[in-house]
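Read through the structure below, which is laid out as C-alpha cells, and then see the notes.
Chain naming follows the written order as A, B, C, D and E, and within any one chain the residues start at number 1.
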Amino acid sequence: MQKVFETILIGLSTGSIYALMSLALVLVWRSTRVVNFAQAGQAMFSTYIGFEISSRSEVFWLGLLFAIVAGALLGAGVDYFFMRVLFKHANSGPAAVVAPVIATLGLLGLIRSFVGLTWGGEFKSIETPASTNGFTIGDSTIPFSPLNVLIIVTTALILIALAILFQRTNLGLALRASAYAPEIAQLAGIRTARTRTIGWAIAGGVGGVAGMLVTANNFLSPYSLDLLLVFGFIAAVIGGLESMVGAVIGAFVLGIGLTFILNYVGTSLVFIGGFTVLILVLIIKPDGIMSRGKARRA
Amino acid sequence: MRKKILLFIVLGWVLLIVGDRVDELRVYQGAQIAMYTIALASIVLLTGYSGQVSLGNGAMMAVGGYAAALTLTNLQTPIWFAFLMAVIAASLFGALLGAAAARLSGPYLAGTTLALAVGLPAIANQFTFLGGEPGILFDVGFPPERLGEDFTQYKWFFWIASSIALVALFITSNILSSRFGRTWQAVRGNALAAELAGVNSSRWKILAFTISSALAGLAGAVFAMNISLVAPGAYSLALSFALVTGAVLAGISSLPGVAFGALILVAIPEVADALAGRLGDADKLNNYLPGLIVSVLLILSVIYTPNGPGENLRKLRHKRKAH
Amino acid sequence: MPDNLADKKTVLSVNDLSVNFGGLKALSGVNLELKQGEVLGLIGPNGAGKTTVFNALCGIVTPAGGSLSLKGKEIKWPKPYQLAKLGIARTLQGVGLFPDLTVADNVMIGANRFAEAGLLRSSFGTNSKDEKRLRDRAQAALERVYVGGVSNRRADTLSYPDTKRVSIARALVAEPEILLLDEPAGGLGAQDIEWLNSLINNLKARTSIIIVEHHMDVVMSVCDRIYVLNFGQIIASGTPQEVRNNDAVIEAYLGTHSKEKSARKKA
Amino acid sequence: MSGLLVNNLSVSHGAISALRNVTFSVEPGQLAAVIGSNGAGKTTLLRTLSGLKDASSGNAEWEGRAMLGKKPDELVRRGISHVSEGKSVIPELTVKENLVLGGIWRANRSDTNAAIAEVVELFPRLGERMGQSADTLSGGERQMLAIGRALVSRPKLLLLDEPSLGLAPLVIEQIFETIDKLRHKLGLTVVLVEQNAMSALEIADTGVIINLGEVVASGKASDLINDPALRAAYLGY
Amino acid sequence: MIRKTARKRTWFVAALLASAGLFASTLPANAETGVSSSEIKLGITLPLTGAASPGYNKIGNAMNAYFKYVNENGGVYGRKITLIQKNDEYSPQLSIAKTNELILKDKVFALVGPLGTANFTAVHKSVGIAKRKVPSLFLNTGFSGFASKKNYPTSFTILPSYAMEAKIVAQFIKENLTGKKLGLVYQNDEFGIDALGAFKDAGVKFDVSIPYTSGTQSAATAQTWVSQLAAGGAQVVVFFGVTSATAPLLAVSAAAKYAPQWILGSVGSDPLTLRALGVPVAVLNGALTPAGNPSPNDTSDEYVKQFQEINAKYNNADFDDYVLQGMNIGLMTVQALRAAGRNLTRAGLIRAMESKGSSFASVAYSPLGYSKTSNVGHTGYYMAVMDAKGDRKPYGGSVVLYTTDSAKGPVVKSNFKRPAMPAKGLPTNS
C-alpha cells in the first residue's frame, strides 16, 4: 500500500514537469497550428541561461526567473523572426504541409548546435533548491523528497497563474479568442499576430520552467530534454492537443502511469509504455480525452 | 524504357570506374552516399509523393538493419537473402505503421514517428537477442578472392551498396512515374477529390508507407553493412533528422535530387571538419559545427525553397514568361 | 413529370434521406428520383441543404436515416472512393484539381479503374502500354470538353474556366452513368456558361446528371426537372416552367413580404 | 458629413473575379440592404470593407477616410464593426466572454462593462445566460449574441452578414425587427447583406442588388421591392 | 511527357557527375602511414560528450599534455607526436565512423588508448584493424576477449581484465566479508558479463543481482535499483558499471539512507568525477574499490609527482585518476615508440611491444604481461578504501597486490616491484 502511495506521489512530481511541457506545446499548437518540436531546444536554451545564473548566484530561484524570461524572449523571437517568415514563404506546393514541422526540427537542431558551441556537451547539474533526500515515514525512507514537493508546488503555482491569466484577464481572453476563432478575434479588434507572439512567449517561459525543474533532478546537456519533449507531446495528445486542461490532465495521467510501470514492471518498459499509450489514444480516441466528440481540424 | 535501362547501365559503369580510381576514404564515402540515396528515395516517396511526414525513417531503417543482421548471424544465409529479409521485415513494419498513420494528420503523424525515433533504443534494449546498446556485428564477409588481393573491404561494400542503390532507384523511379506515383500525388494534393475519383486514400497511404519502409529497410541493411554493425545508436534521432534534411535539400518531391541530397549529407561533416580546422580545432566546433550547418541549411531551404530548387526554377521561368 | 421521361428507367432514387449536424436538422425526409438520361436540378437558397444532399450521396456525411437505390437495387450509402465503381462521378464546388500534377495526370487519376498494371509491372517499367491506354482515355475526355491542348500543363497554371473543364473531364473519364455537378457555373463568365449549357445537353445522351447550381439561367435552360430545397426539405418539384411559377419557391428565394407576414400573424 | 462611400471596388479570389466595379453609398444613420443570390459576392463585399480581404482595385471610405488596406483591428477602432456570416460567436467562450471580446480593444474595462449593460438591456435573454457557454445557445440567441458583441464596441457603422442564415422563419422575423429597432435607437449606419430580400428591403432605407459580382440595381428600398431586377437576380427571369 | 523524362535525366546525370567530382583525390604516399621525418600522428576515439563522457573526456587532453612535454624535450628521435582526438560519444557506430576518419583521412600511424569494449570490438571488425595491421595500443578496456592474440594480433590492452578484477574482488570478499548478504549491479554487456562469469567461477553467489543496459542509467532507474537492493537486504553491494551509473546509484542510496558496504569496480569509481556529478562525498566514505594505480593525491609517489607537474604546466586539469591514466598511457606510448626504433614502422612497433613491452615503466603497481603470446597489460589490483574526502588509501594501510589471469588461474598475493619512473618522466629506453 505504501508503495502505491509512493508511486502516486512520484508520479505527480513527474507529471508536473510533463504538464508544463505539454502546456507549452498546446499553447503554440492552438495559436499557430504547429507542433513546435523546437520547444525542447527553447526549453534547453532557457535552462542553460537558468543554469548560468543559478550557478553564479547560487540561488536557484533567480536562475528559474531568468530561465522564464529567456524562454519567453526566445519564444517570442522564434515566432516573430522565424514563423512569420516561414508562413510568408513556404505556403504552397507539396511541401507546404510539412514545412512547419521540418522548420521547427531545423530550429531544434540550430538551438542545439548553438548551445553545444557555447556551453559544450558536458553534463551540467544545477544546485537543487531543496534536498533530494527522501522523507522518512516511521522507520522507512521513501524516494519522495522535498525537491519533489517543490516541483509539484512550483508547477501548481504556475498552473494557477496561467489559469488566472487565461480566465480573468483581457490578454487571456484575447489569447483564447485568437486560438479558437482568429477571424472573429480580428473583427473584435484584437491584433492577432501580436497576440500569437505573446502566446509563444508564454509557452517559452513555461517550457523554461519545465527545463529547470527536470534538470534539478537530473543533468543538463544539449540532448537532455528530448525525452521530455516526447512525453510532453504524448501528454498533449492524450489531452487532445487543443485543451490546456486536457494537457495538464494528460500529463498527470501519463506521469503516474509511467511511474507505476517504472516501479512495478521495470525501467526499460517505461518508454514502450508511453509509446503504447500514445498509439492507443490515437486509435481509440484520436481527439483526446477532453474532446466532446467533435473532430477538429488538424 | 529501354533508354532508362541503358542510362542505369551507363551509371553503373561510371561508378565502377570511379570506384577503381579513387582512394579508400572516397570509396567508403561512396558507399555511404549510395546508402543515403536509397534512404532519401524512401522519404521522397513517402513525404514528397504521398504527403505523409515521417520523422521516424531512422526507425524503419533500423528494422531493416536488424532483420538483415539477425538473418545473417542466425541463419548464415547468403548476403542477398539478408537484404531481401530486410526489405520484407521493413515493409511489414511499414504496413503496420502505415495503418496507424493513415488515421493521423500531419502533426500527429510527425509527433508519433518522432516518438518512435526517440524511443527506438529503448525498444532495442528491451530484447537481449537484439544485442542491447552495443548491438550486433554485421558481417557480409570478405570480397571474393578472384577480385584480387588489392580489392579492399570498402570497395566491396561500395560495389554492393551502389548496385543496390541503382536497382532501388530504377524501381522507385518506375513506381513514381507510374499511376502509383500519380495517385499518391493526387491524395496529397486533395484527398477528397482523389476519393471521389475512386481512390481509397487510406489504402494508398498505407501502401506508400509500406513501400517507403521497404526502401528504408534496404537502406538500413546497407548502412549496417557499411559499418559492420547494427546498434540502436546507429539509427538515432540524428539520422532521422539528417534524412529529412537531405530530402528537403534535394527537393522533397523530386527523385533525381536524392543523389545530390545524399552527397550533401556525406559532405557536410567533411566541410564542417575543414571549417573547424580553420576556425581553431576546438572540441566544441568539431562536435557541433556539422549540426549547425545542417540546421541552417535545413531552415534556409525550408523557408526559401520548400519544394526543392527545381520548383523555384520553374516559378522563375514562369514569371519570366509572364513578363 | 415531363412525358418524355415517364417511361424512362429510374437510375437512382433517394428515399426519406435525413441528415443531422449535431442537434441541427440539415435534411429531413428528402426524396429524389433520377431518370435515365435526364438532367435534374437541385436548387434552393443558401444553407438550404443542396450540397448536403450531394455529400450524403457521396459518403462525405453520414445520413441519419433514409435509403439509396441504384437502378432499382437498394444499396448501402457508399464511401467516397466506392462511387467510381458504382458508376457515379462528382465534381467539386471548389474545383479540386491536383495542383502540382499535369492536366493529363489529373484526368488519368479518374481513369484508375481501367488500369491493369499492378505494382510489380509498374516497378519494372513494363506498364507502358497500360499507361498509354490511360493517357489516351484522358486525352479523349479532355477533348470532349475542348481542352485537349493543355494536357501537358500543370493544373495550377490553367485559367479558371479551363480548370472547371478539366475537373469535368476528370469526372467523365471514369465513364460514369450518373454525374453529380456541384455548381459548375460558379465563377464562369457568360461565354463559358453558354459552353457549359451545350456540354450538359450533349452529355445527356450517355449520362444522367444531377446539378446543384445557383445560376438560374443555367438551371432553367438545361434541367429537365428541378427539385427546390429550403430548410432541408423539398418544397417544390417539377419542370422549370412549373417551378418558376411556384409561390413557395419565390418566397424561399426572396423572403416573405410583410403583407403576407401580417396576414399570417393574424391567422 | 459623409457616411460610407464605395467606389469602383473590384475584388478577386485568385483567378476568379468576385466583385467588379461595385459602387454605392450609405448616408449616416441609414440602413442599406445588399441583396442578391448565393455566390453573388455579397459576403466578399463585407469582408473587403472590414479589412479581412484585399481589394484589387477601387476605393472605399468611411467618414471621409479611406478604409481599404487597413487591418480589421484598426477599423474596429474607427467604429466599424463586422458581424460575419453564420452566427459569429465563439462557442468555447461564455456569453459574457463573447460580449467582453467586443470591447477588448479598449484599455478601459469599465467602459466595456457599461456597453455590455446596454446590450443586455437590448437583449434581455443574453443577460439571463451570461455565465453559460455560448455553445448552449439556440441559433437565434447566437445571432443576437453576435450582434451584441459587435454593439459592445459601440460602432458607428455596422456590417451585418446574413443574420437570417439557417434560422427558422419566425426567428428571422424577430431578428429583423431587432435590427430595425436598435439601429434607430443607436443611430447606427448599417450595411445589411441578405439573401432574404423581402425582409431586408422592408427595414432598409436603400438597397443594392448584386448579381454575379456586379451591381445590377440600386435605389430606394421600397422601389426595389417591385423592381424586376430583383426577381431576375434571384430566379434568372 | 517525353520532355519531362528528358529533364529528369539531365538532373540525374548532373547529380552523378557532382558525386563523381568528390572522388577526385590524390593517391596515398608510399612511406609508412602517419610517420614523417618530423612527426608521428596518433589517434584516439573517446567520449568527449554524452552520458558516458564524465571523467573519460579528460584522458585525451592528459595524453596530449604529456606528448607536448615530450615534444618540447626533443620528441621521439626528433619526431614530434601529434595526437588526434575524436569524439565517439561512447557509441560504437560513432567509434567506427571516427576511427575510419583517423585511419583513412587523417592517416594516423597507430591508435592509442581508445575507450570502450563494445566500441573497440565494433571498430576492430568494421574498420579491419587486424587486416590493415594498424597497431592499437593501450586499449582502455578490461574485456578479456581482447586477450586473444589470434583475433587481435595488433591490439594491446592496458587495464587488467574485468575477469581479473572480479576474481580479485571475489577473493577479497571470501577473505574479508564472509557471511554478509551480497548484491551486484552490473552493466549488461561484455564489461559486466565478464565479471559475472568470474564471480561464478570463484563461487561467490549474490543474493540480489541487477543487470542494467548501457545508456539507460538515470536517477529514476537508480531508484529502482536501490529499492531492489534494499528489499533484498544486501549488506555488501558490488558495482560493475560506468561513472554515469555509479553517480545516480550512490546519490539515490544516500537520499534513501541506504548504506551498504560498497565495492565499486575500478571503472566507475573516480571520486572527483562522482562529486562533480552531485554525489555527496560522505557516501563514498569507506567504499572499497580495486585499484591498479596509486591515489592521484599521493604526492609521495614519484610517478604521481612528475605527472602532476606536467599537468600543471600543460593541461591544468583537476588531477584525478583519469588524468593520471592519460599521462601514463602517454608515458607508455613514448616508450613503445622508442622501442620500435628510428625506422618507425607499424610492424616494428608491434614487434617492440611484444619483445620489450613487459619492461616498460608504468604507474600501476602490477606487472605488465605483454609478450609474443600475450597482449594483456597489467595483471593485478590491490584493494583500496575511500575516505570522507574521496581520497583513496590501500585497504589495511599498505598495498597488498593480487595478481591473476583472465582464465582459471589462481589469485596470488604478489611482491612485484614496478620499474622506476624515468628521470624527469622522459623515457630513454630503446
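The definition used in the following text is that contacts are C-beta pairs under 8 Å (C-beta built on N, C-alpha and C of every residue); 3 or more make two chains touch, one makes a residue touch a chain.
It should be emphasised that the depicted structure is a prediction, and the values quoted were computed from it without experimental measurement.
Trainee: Can you give me the shortest step count from chain B to chain D, moving only between touching chains?
Mentor: The fewest steps needed to get from chain B to chain D is 2.
Trainee: Compare the CA centroid of chain B with every other chain's and tell me the farthest one.
Mentor: Most distant chain from chain B: D.
Trainee: Ranked by contacting C-beta pairs, which pair of chains comes out on top?
Mentor: After counting contacts between each pair of chains, the winner is A-B.
Trainee: What is the distance, in whole Å, between the centres of chain D and chain E, each centre taken as the mean of its C-alpha atoms?
Mentor: 79
Trainee: Provide the C-alpha centroid distance between chain A and chain E, rounded to the nearest whole angstrom.
Mentor: Computed value for the inter-centroid distance: 39 Å.
Trainee: Return the distance between the CA-based centres of chain A and chain C, expressed in whole Å.
Mentor: 48
Trainee: Two-or-more-chain contact residues of chain D, please, as numbers and ranges.
Mentor: none
Trainee: Using the touch definition from the top, which residues of chain A touch two or more other chains?
Mentor: Touching at least two other chains: 93-94, 116, 120-121, 222, 268, 270.
Trainee: Check each residue of chain C and list the ones that touch at least two other chains.
Mentor: Correct list: 100.
Trainee: Which chain C residues qualify as touching chain B in the complex?
Mentor: 58, 60, 79-85, 89-90, 92, 96-101, 105-106, 108-110, 112-113, 115, 117, 119, 122-128, 131, 134, 157, 170-171, 174
Trainee: Given the complex with chain A, which residues does chain B contribute to the contact?
Mentor: 47-48, 51, 53, 55, 100, 103-108, 110-112, 114-116, 118-119, 122-123, 125-126, 185, 188-189, 237, 241, 244-245, 248, 252-253, 283-285, 287-289, 291-292, 294-296, 298-299, 302-304, 306-308, 311
Trainee: Can you list the chain A residues touching chain D in their complex?
Mentor: 170, 173-174, 176-177, 180-181, 183-192
Trainee: Tell me, which parts of chain B touch chain E in their complex?
Mentor: These residues of chain B touch chain E: 4, 7, 11, 14, 18, 21-26, 28-30, 33, 121-122, 125, 132-135, 137, 139, 153, 173, 177, 227-229, 231-234, 254-260, 262-263, 266-267, 283, 286-287, 310.
Trainee: Could you list, by residue number, the parts of chain B that touch chain C in their complex?
Mentor: Answer in residue numbers: 1, 4-5, 170-171, 174-175, 178-180, 182-183, 185-186, 189-190, 192-201, 207, 211, 253, 318.
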